[in-house]
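All chains are identified by letter, namely A, B and C, in their written order; residue positions are counted from 1 within each chain.
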Amino acid sequence: MCLAVPGRVLSIADADGVPMAEVDFGGVRKEVCLQYVPGVGVGEYVIVHVGFAIQQLDEESARQTLANFERLGILEEEFREIP
Amino acid sequence: MKYLDEFSDPDLAARLIDQIHAVTTRPWAMMEVCGGQTHSIIRHGIDQLLPDDVEMIHGPGCPVCVTPLEVIDKALAIAARPEVIFCSFGDMLRVPGSGQDLFGVKSAGGDVRVVYSPMDALKLARQNPDRQVVFFGIGFETTAPANAMTVHQARRLGVTNFSLLVSHVLVPPAIAAIMESPRCRVQAFLAAGHVCSVMGTREYPPLAHKYGVPIVVTGFEPLDILEGIRQTITLLEQGRAEVRNAYPRAVRDEGNPAAMAMLRDVFEVTDRTWRGIGEIPGSGWRLSSRYREFDAELRFDVGGLRTAESPLCRSGEVLQGLLKPHECAAFGKQCTPRTPLGATMVSSEGACAAYYAYRLVTHS
Amino acid sequence: MPLRDTPAIVLGHGGGGAMSAELVRHLFLPGYGSAGAPGELGDCAVLEIGGTRLAFSTDGFVVKPMFFPGGSIGDLAVNGTVNDLAMSGATPLHLSAAFILQEGTALAELGRIAEAMGAAARAAGVRLVTGDTKVVDNGSGDGVYVTTAGIGVVPEGVDIRPGRAAPGDAILISGDLGAHGVAVLSCREGLTFGTEVRSDTAPLHGLVAAMLATGADVHVLRDPTRGGVAAALNEIAKAAGVGVELTERDLPVPGEVADACNLLGLDPLQVANEGKLVAFVPEPHAEQVLEAMRAHAYGKGARKIGTCVPDHPGMVVARTALGGTRVISMPIGEQLPRIC
């Protein structure tokens, strides 16, 4: 359910008392409501669903996950090399 | 796009697939609850790369597909009114009610518009003060905060010509309903990542414990799905009915507190019928009494409209992997992708629709 | 599938997908009876008249908004028909243009459209030789509708049509996918988003001439407009009773198009192009045709994206980047943004 994509906050402005941001999705830009991610600042990544940021993207965690994937196969190969 | 492309890397995918093969020692059947994950699995051909022993059962998590017939009929009745601008997410337009779909209402003169966000509908209401603007507020916990914020904002700004036709559905009660079936074959769940971005993971340990199933919160890109499957099989092999978060970049255990507070204010839990599946207790949200004035069902007096789900449809059994689509008597006869009776035929990735398309190809 | 779901026309009937095809098969052809075309009904008919093979085509244009990044309804009206003719291998010569205008349409706007048509026709080397204008009540139309028809001459020995697709053909694309559809969506009411993507609208008969000049036996040409590459390949696969196998990794989808599709939940293979062509060419000729395409301004990004096979006739299958396969189905009607 629920197509949500990560984008980077370019700018934030108030619209009728609601924080609205211009968010960059790799070259495509869209207006997004930041009401639910109060701490997020310009340059940070949010996960956007139907025009709303539903969560801040944890960039450190993303790097960690990818690093874990990188290690997966390699550990195996190292074990295999041990006679 | 950053944080999407990295999680589609074919080399890392191959490593994860190797790992999945390495940890699997016997047959397992798991369900991805979410339609977005089903889409991704089919889109990338992930199911074909798994061990033969691993069966993915596609769950009921496509929000437009499970929206009950009765609510769609209400939408059609409201959208046909001359004073109404009826706004909807795009994929809802093609879902048929008893007679037609929203496209049909549009062709008969109804003012039906596709919007990207419910806020766009609120904008339309402010631009057209002499019209009634109705937004079709469907979806799971992921979409509910957007709809909640929009109606909250409408009240705050005093936009009285805006209302919401609400039919929200909730994941945990659906998981419980699936597991309650005595013949249920599901041994584990991939939980829907973006639902958990909003709601967190704390609803799941009691379910995992009660039904003895591992539940792994999973993302949507190929590597996320493979990692969700890998962690699930690892837990299954170890006999551990626990909850894991395989999508930590987008999901915190506590969820999104600001969104959850808004949801508590705007919505209240209600029983909800799922298309072709039937009523699941406590499985939906409706507007709370504080927001009743924005309830389109009351404003347009369609609350009394009653449509029964088809008695022929057995999609509840298909969803649980108990019945193959072609074993249903209505399959390919009363029930086709153009005249679907249940959620599994409405969605192009639903088990019945996929089976129908494949069968047509092999027979022609 | 029979025409049975709707008692009235819905938008999907004009989407270029399964519903459009059903309308032709189940309503127009039976209505025409023996006066209808024999054989394949394509975007362009090739008729032998007085020893000359004439290509004949017509196309209606109803794009909303009428002006979009990279072009307007005027560019499409000329290039669309030029390209329909070119896909039979013809050299386009003359076009007609009929306008249905809504009362109240600004003359300045219509003037811009006419100028765009003039410029596009000059660039394509065709003439606008006849036309018609009608006006409908305010409210019965939606600005400006343009219908163009065109004729061209098919050179000796050229036989290009969907039915000639054959197992062993290489499937080529002339460049990046999806720009037109994304450019138009970016300024559609309710969906607006910011992007630098511009429509790829362009006349393709020069590119086709360059491909034919190699002497290669080009089997099929198709401009993947509404319904995108998915619709074009499904139609060809069905017409020729062959299978199509794509390699997803080879599909040229520019980053910005992919991003817009990710945001809205669209499949780039279903998004419209207005200046690209798909070609089926016997594998031994593929390399020289690709070279000729890359030497042409509108074929710089040409590449092979798949192969025509004897298996799964009528079906388009893609090998995914991960090594799985998926079926590319015929789009049903309008492309709709998804939330799921």
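Simple rule for what comes next: a residue touches a chain if its C-beta (ideal position, glycine included) is under 8 Å from a C-beta of that chain, and two chains touch if they have at least 3 such contacts.
All of these numbers come straight from a predicted model, not from anything done at the bench.
Undergrad: Out of A-C and B-C, which chain pair has the most contact pairs?
TA: B-C
Undergrad: Hey, which chain is the most central one here, using CA centres?
TA: B
Undergrad: CA centre of subunit A versus CA centre of subunit B: separation in Å?
TA: Centre-to-centre distance between subunit A and subunit B: 22 Å.
Undergrad: Once you find the CA centre of subunit B and the CA centre of subunit C, what distance in Å lies between them?
TA: 34
Undergrad: Please set out, as single numbers or ranges, the residues of subunit C touching at least two other chains.
TA: Expected reply: 255, 259, 262, 265, 338-340.
Undergrad: Could you tell me which residues belong to subunit B and also touch two or more other chains?
TA: Within subunit B, the residues that touch at least two other chains are 1, 4, 14, 35-36, 61-63, 89, 116, 120, 139, 143.
Undergrad: Scan subunit A for residues touching two or more other chains and write them down.
TA: Answer for subunit A, listing residues that touch two or more other chains: 1-3, 5, 25-26, 30, 49-50.
Undergrad: Inside the complex, what are the residues of subunit C that reach subunit B?
TA: These residues of subunit C touch subunit B: 1, 4-6, 8-12, 189-191, 255, 258-259, 262, 264-265, 312, 314-315, 319-327, 329, 332-333, 336-340.
Undergrad: Applying the document's contact rule, which stretches of subunit B touch subunit A when the two form their complex?
TA: Contact set of subunit B toward subunit A: 1-4, 6-7, 12, 14-16, 18-19, 22, 34-36, 61-63, 89, 116-120, 139-140, 142-143, 145-146, 149, 153, 156-157, 192, 194-195, 197-198, 220, 223, 227, 248-252, 256, 258-259, 262.
Undergrad: In the complex, go through subunit C and note every residue touching subunit A.
TA: 186, 193-196, 255-256, 259-260, 262-263, 265, 338-340
Undergrad: What does subunit B use to touch subunit C in their complex?
TA: Result: residues 1, 4, 8, 10, 13-14, 17, 35-36, 39, 42-49, 61-64, 87, 89-91, 93-94, 96, 100, 103-104, 106-108, 113-116, 120, 139, 143, 222, 336, 338-339, 348, 357-358, 361, 364 of subunit B touch subunit C.
Undergrad: What residues of subunit A sit close enough to touch subunit B in their complex?
TA: Result: residues 1-8, 16-18, 25-26, 30, 33, 35-38, 45, 47, 49-52, 54-55, 57-59, 61-62, 64-66, 69-70, 72-73, 76 of subunit A touch subunit B.
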